[in-house]
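Below are structures written as structure tokens.
Look at the two complexes coming up: chain A is in both, with chain B in one and chain C in the other.
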Partner chain A sequence: MPLYAMLLPTIAYFLIFTYYPLAHAVVISMQQFNLIGHRPFVGMRNFLAVLADPNFWSSFRNTLVLGTGILVIGFVAPILIALSLNEVMQGWLKRSLQMIIYLPHLFSWVVVGGLWIQLLAPDGGLVNAVLWALGIPPVQFMSDPQLARWVIILVSVWKDMGFNCIIYLAAIVGINPALYESARVDGAHRWHEIIYITIPSLARTMQVVALLSIMGLLRLFDQIYVMRNAVIEPQVNVLMTYVYDQGFQQMNIGQATASALLILTVTLFLTLFTRRLIRYDTV
Partner chain B sequence: MMKKALHRRVLTVVSASVTAAALLSQAGLASAAGASASEPTLSIAEGVIGGKNPQENTAFANAIGQALHCKVQLINTSTGNYDQKMMAMLAAGQKIDVVYTEGSTLAELAKAGEVTNLQGMIQKSKVLGNPKVVPQWEWDNIKLSSPNGKGIYAVPVKYQGALMAIVREDWMKQLKLSPPTTLSQFYHVFEVFKQKKGAYGLTLASLYDIEPFMSAVGVKNGYVQQGGKLVIPYATSAAVPVYAWLHKLYVNGLLDPNFVTNSTADERNLFLSSRVGMFVYWDAWVPMLNNLAATQGAGASFDAQALPPALGPNGKGLVSKGDTSVFAIPSNAPNKALAFKFLEWWNTKPGEILGSLGVKGIDYTVKNGTYLLTTAGMTENLDHGDPEPISSYWKNPFPRMQKGYANARAVGVKYGYQPLINANWNNAQQIIWQYADEAILGRLSPSAAVAKMHAELLRQHYIG
Partner chain C sequence: MGNAAFVAINLLFLAMIASTMIVPLWNAVAVSFSSDLGSMQPGILMWPRDFGFTGYTSIWTVLDLWQPFENSVIVSVVGTTVHVLFSALAGYALAQSALPMRRTITVGILVTMMIPFEAIMIPFYVTVQELGLLNTLTALILSGMVSGFSILLMRNFFLSIPGDVFESARMDGAGHFRLFFQICMPLSKAGLATVALFEFVGRWNNLLSTVLLINSASKDTLQVALNSLINQQSSTSSGTLITTNVKMAGIIIAVLPLILAYPFAQKYFVKGIFLGSSKE
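Here is the complex of A and B:
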């Protein structure tokens, strides 16, 4: 019994910092929220206002487009890199490359976003300097609505692929070497080993990575907040920036909370659906 | 025995958690030490006043406490997102005596009855009721945030100043250029800067701020009341010539092409590093730019000066005044009388010294009646929340650190007006910036951009 008491701080933490605010948010979402004083209940009016707001739906569309792009490219890229890194024989080179790829994951979006805005700037940006040297006129990467979504997707993949790559590399190390040996005895080439042993052995890891990525699909915020500007906002504003703008720019806390709860509900269903689909914890 | 050890471990974990929580809850608070237990506590939520580190904040709170004979709890949230944090504190039921805020947020707070109407107290006050301390135009500006323009719900923190074109005056003199007063004259200045100095003529941070140029067509920033309706002049055909002019600057390489993604810090850096000859910024920054240039290795000749705006057909000019920085008293403040006493004291000489120079002994010393800045005071550039007090009695003790300010302030006083903004403004401004930026970049014609922004503003009910 005393051993179970050790759980109390954790349980208290979740009750105080997660479940109480969540319950309170449900209440706020049904109130006309005033900072001080009376907060009359308005039923489902805040939810209806969110669902009738075209900005919510355009943010929803953007979230799906950006989220899907990040999900697909961000799923494939670390696998390819992990498989490539696994082929590097020199230990020091492998470790160095691993570190370089992992490094961006350690920085906050404020740093990474600012860095890429600078790199892609039409005047003084490294990318445009290279294009200029190749005779290509400067490109307004960060203020071209056609390019903006690609920039957001690729920068997001660039930042986080190192993290997933390390998960895959760890899984590759755990593959039984006897499988490769027997494959070689049977005359398999390296390519066959990758296709028929390495990739199938990574299936469980892929499922976990996919689930984690899907759970984060609707929670894009920091990157967009840092990298958006007036011209590209209609193409890159996402659900979480909608919540932020409603709550803190418009001071419409009731509607912001209602939209946050809608996002939470969709995320919950998405996660349950994915979990059911991939069943990562069953044999 | 095992059980006892386990209990001890559990207790240790729990007590460590409680201690950590208590310590964390104190983060960001600076309280006056040494005050007697019977003294009341004045809590102030602020985002701009105070020192530059926790120790200085404590000394700052002490200085207020000593002056008002109370304990002071300075809730400092200067690390960003002040409004959000302040609103979260109020919404969570935290009782605060004084909150720092700005005109646009004040309008919302006053509309919801969340701050106190101070008009009666101000009229009776010997300090705040004196028009030489707070001039009538400042009260008129604050009244723009009052429900139906009635009542005064806040007191100014500082002289807010205005946004104006700031130019490299040393280049102007060296290249024998006269101060421009029309858009074509501004264009000529930028052209010469590019040819002779290899610098961009102008930089912007998106559309922040083009009012000195919109002034040429007499168009105001924000909303204006027209026939009982709210109109945004930047989204009308009157603004088209200025968007066309900015596009011409962009096409001809006179406007910094990074303007869409620039922050105001980028603008300042470009100006200080001689990569641009003009940008639009606060009057109070003119001397600060000159001081920074002197201490951070810009050329010895560096001279930033404010310029009047482009004049309209009627010979009048316009520059936008800033969203007023104010102190308000929440309607549930526990010590309203003490809070008002602080607002009065802030506008007296000791309050002004604290808000500008800082804390005696840390930021400055006084020797034979003469003020001397310490190293910390020099670094902090006379800014502890009130760099330029509003009172006409105020005399800055360091006139040599004010190079260019008198002229800049005069531009603000002569041409400045307070834009009318409301809670929708942030979203409305986003729409204007989006289409105007596209017009400047040449993706839309200026008239198409104006038509689109007008339609979008109507669709979202931001204009009537």
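Here is the complex of A and C:
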């Protein structure tokens, strides 16, 4: 069967590197796991340890707070920009602007984090240099627990808005032009076209983007790993950094795996729930 | 509000947004070409202060960024090639209605898309350890060898090829592998380019796999080396102060391949993003 030969690498990969680890995770989560040597079973103790760990709950809270911020601001920003870009009549200008706004999404979190850590630095950073020129004293953006969450949220939105913007622009192009023509015949202003035609026509796209963004929240890791520091960690550590820290810093592999399984289960339910919600909505 | 005012305000808004992308990059370029001392002085820097190449020379010589750069190139190029080939092969097989258990296999692939890599990072690490591949570039190439996203994208591309193209080839007695390599691949260049681009950027930018699987500096990729440079961790074992121009030079080196390729690749990105979102 040549067709199965073609699928063999894929099936082997998913079995070895996705399904086996997933099944193994269930076993590890019930063990006192040592990388080398004896691995006694401890039942539910790892799960109880996770639920009793204040760090887990603060990471959970941070994920909710940062996630809500990223979700809300990151939802509105690309729509605004896409609508705005759509009004630009010069094709070359529209393309260049779209390209520039997409640029940060192309960069790694190491690059984006590094750029902003430098820009926001109290000594020599561009932002503080501008503030100083305006007579404002330097702000410790990266070591102020009050500001750190805003920095994380805004930098995340900044990086990713160009991506969703492209999705919206593509959807706007797909809107039936007859709708605009009839509106124009009725003497509608541009504002009215945007509010009564464009935005309602984007509802389906908005749902897809929202769904993708909600699922992306759990994956919040790289940004925090790069941008956190000892001072702001209590405010910005998230669930996935908790798993990483437990597993590879504290070497509490059993407990880390238990927490990852808990998070995965909750997210799978959340995903199925939002999917269902969106399905029913569109029927 | 008049039309002219509307256009002006709109452009001003977009210019403001775009400047938040351009100014940081330009600032990084200016700092990277400043002297060690010049880059550390406060002030609005939009032009190199004491122009020089010390940022770039010290990053290559003193910090030996060449090795991580080379590792990143190997992992990204080999990994992308393998990824595109295997994902396309699987996509082709799934596009054939004659495939037994097609539905089961497709569901099995769809489920993997709901499990983020981050959630299984620990058992993934353990698996790699069990295979004896910890601390090898092979492990980095293997990780993400195929993905549900790429497979489905390729499958949709192959499904859009008109059936009669296959029929005539099959009349000539061509097997599946010949159909795949001689007919499907040449007809799906756009799809292959899209998958390859996304994968290449993803691999070039990947941080977590390397952080997990690599524990010696000689095997680190560019992103990890850059991260320790920016956060002044292991790379500074000598205790020397890493000046800002060196850090920014590192950032420019890491984004240069992407920025250079981007204008040519943009249409594939737009296509891929659109396909990815409309697939739902």
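Quick note on the criterion: the second predicted complex is superposed on the first by the 267 of 283 C-alpha atoms of A that agree within 3 Å, B and C clash if a C-alpha of one lies under 4 Å from a C-alpha of the other, contacts with A are read in each partner's own complex, and residues count from 1 in each chain.
Just so it is clear, a contact is a pair of C-beta atoms (placed from the backbone, for glycine too) under 8 Å apart; a residue touches a chain by one contact, two chains touch by 3 or more.
These numbers come from a predicted model, not from an experiment.
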Touched partner set for A:251, first chain B, second chain C, both or neither: first
Greater chain A contact set [chain C / chain B]: C
Contacts of A:68 with chain B and chain C, given as first, second, both or neither: neither
Partner chain in contact with A:9 - chain B first, chain C second, else both or neither: both
First, second, both or neither for A:124, with chain B first and chain C second: both
Contacts of A:37 with chain B and chain C, given as first, second, both or neither: first
Which of chain B and chain C A:182 touches, first, second, both or neither: neither
A:85 touches, of chain B and chain C: first, second, both or neither? second
Shared chain A contacts, counted only where both chain B and chain C touch the same residue: 2-3, 6, 9, 35, 117, 123-124, 229, 247-248, 253
Chain A-touching residues of chain B, taken from the complex the two chains share: 3, 6-7, 9-10, 13-14, 17, 81, 83-84, 87, 90-91, 105, 108-109, 112-114, 206-207, 256-258, 260-261, 330-332, 423-424, 426-427, 430, 433-434, 437-438, 441, 459-460
Complex contacts: residues of chain C adjacent to chain A: 3, 6-7, 10-11, 13-14, 17-18, 20-25, 27-28, 31, 39-45, 86-87, 89-90, 92-94, 96, 98-99, 105, 108-109, 112, 114-116, 118-127, 129, 142-143, 145-146, 151, 175-177, 180, 201, 204-208, 211-212, 223-224, 226-227, 230-231, 244, 247-248, 250-251, 254-255, 258-259, 262-263, 266, 269-270, 273-274, 277-278, 280
Chain B-touching residues of chain A, taken from the complex the two chains share: 2-3, 5-6, 8-9, 12, 33-37, 54-55, 117, 121-124, 138, 140, 142-143, 229-231, 233-234, 245, 247-251, 253
Of chain A, residues touching chain C in the complex: 2-4, 6-7, 9-11, 13-14, 16-22, 24-25, 28, 35, 81, 84-85, 87-89, 97, 99-104, 106-111, 113-119, 123-124, 126, 128-130, 132-133, 158, 163, 166-167, 170, 190, 205, 208-209, 211-212, 215, 218-219, 221-222, 225-226, 229, 240, 243-244, 247-248, 253, 256-257, 260, 263-264, 267-268, 271
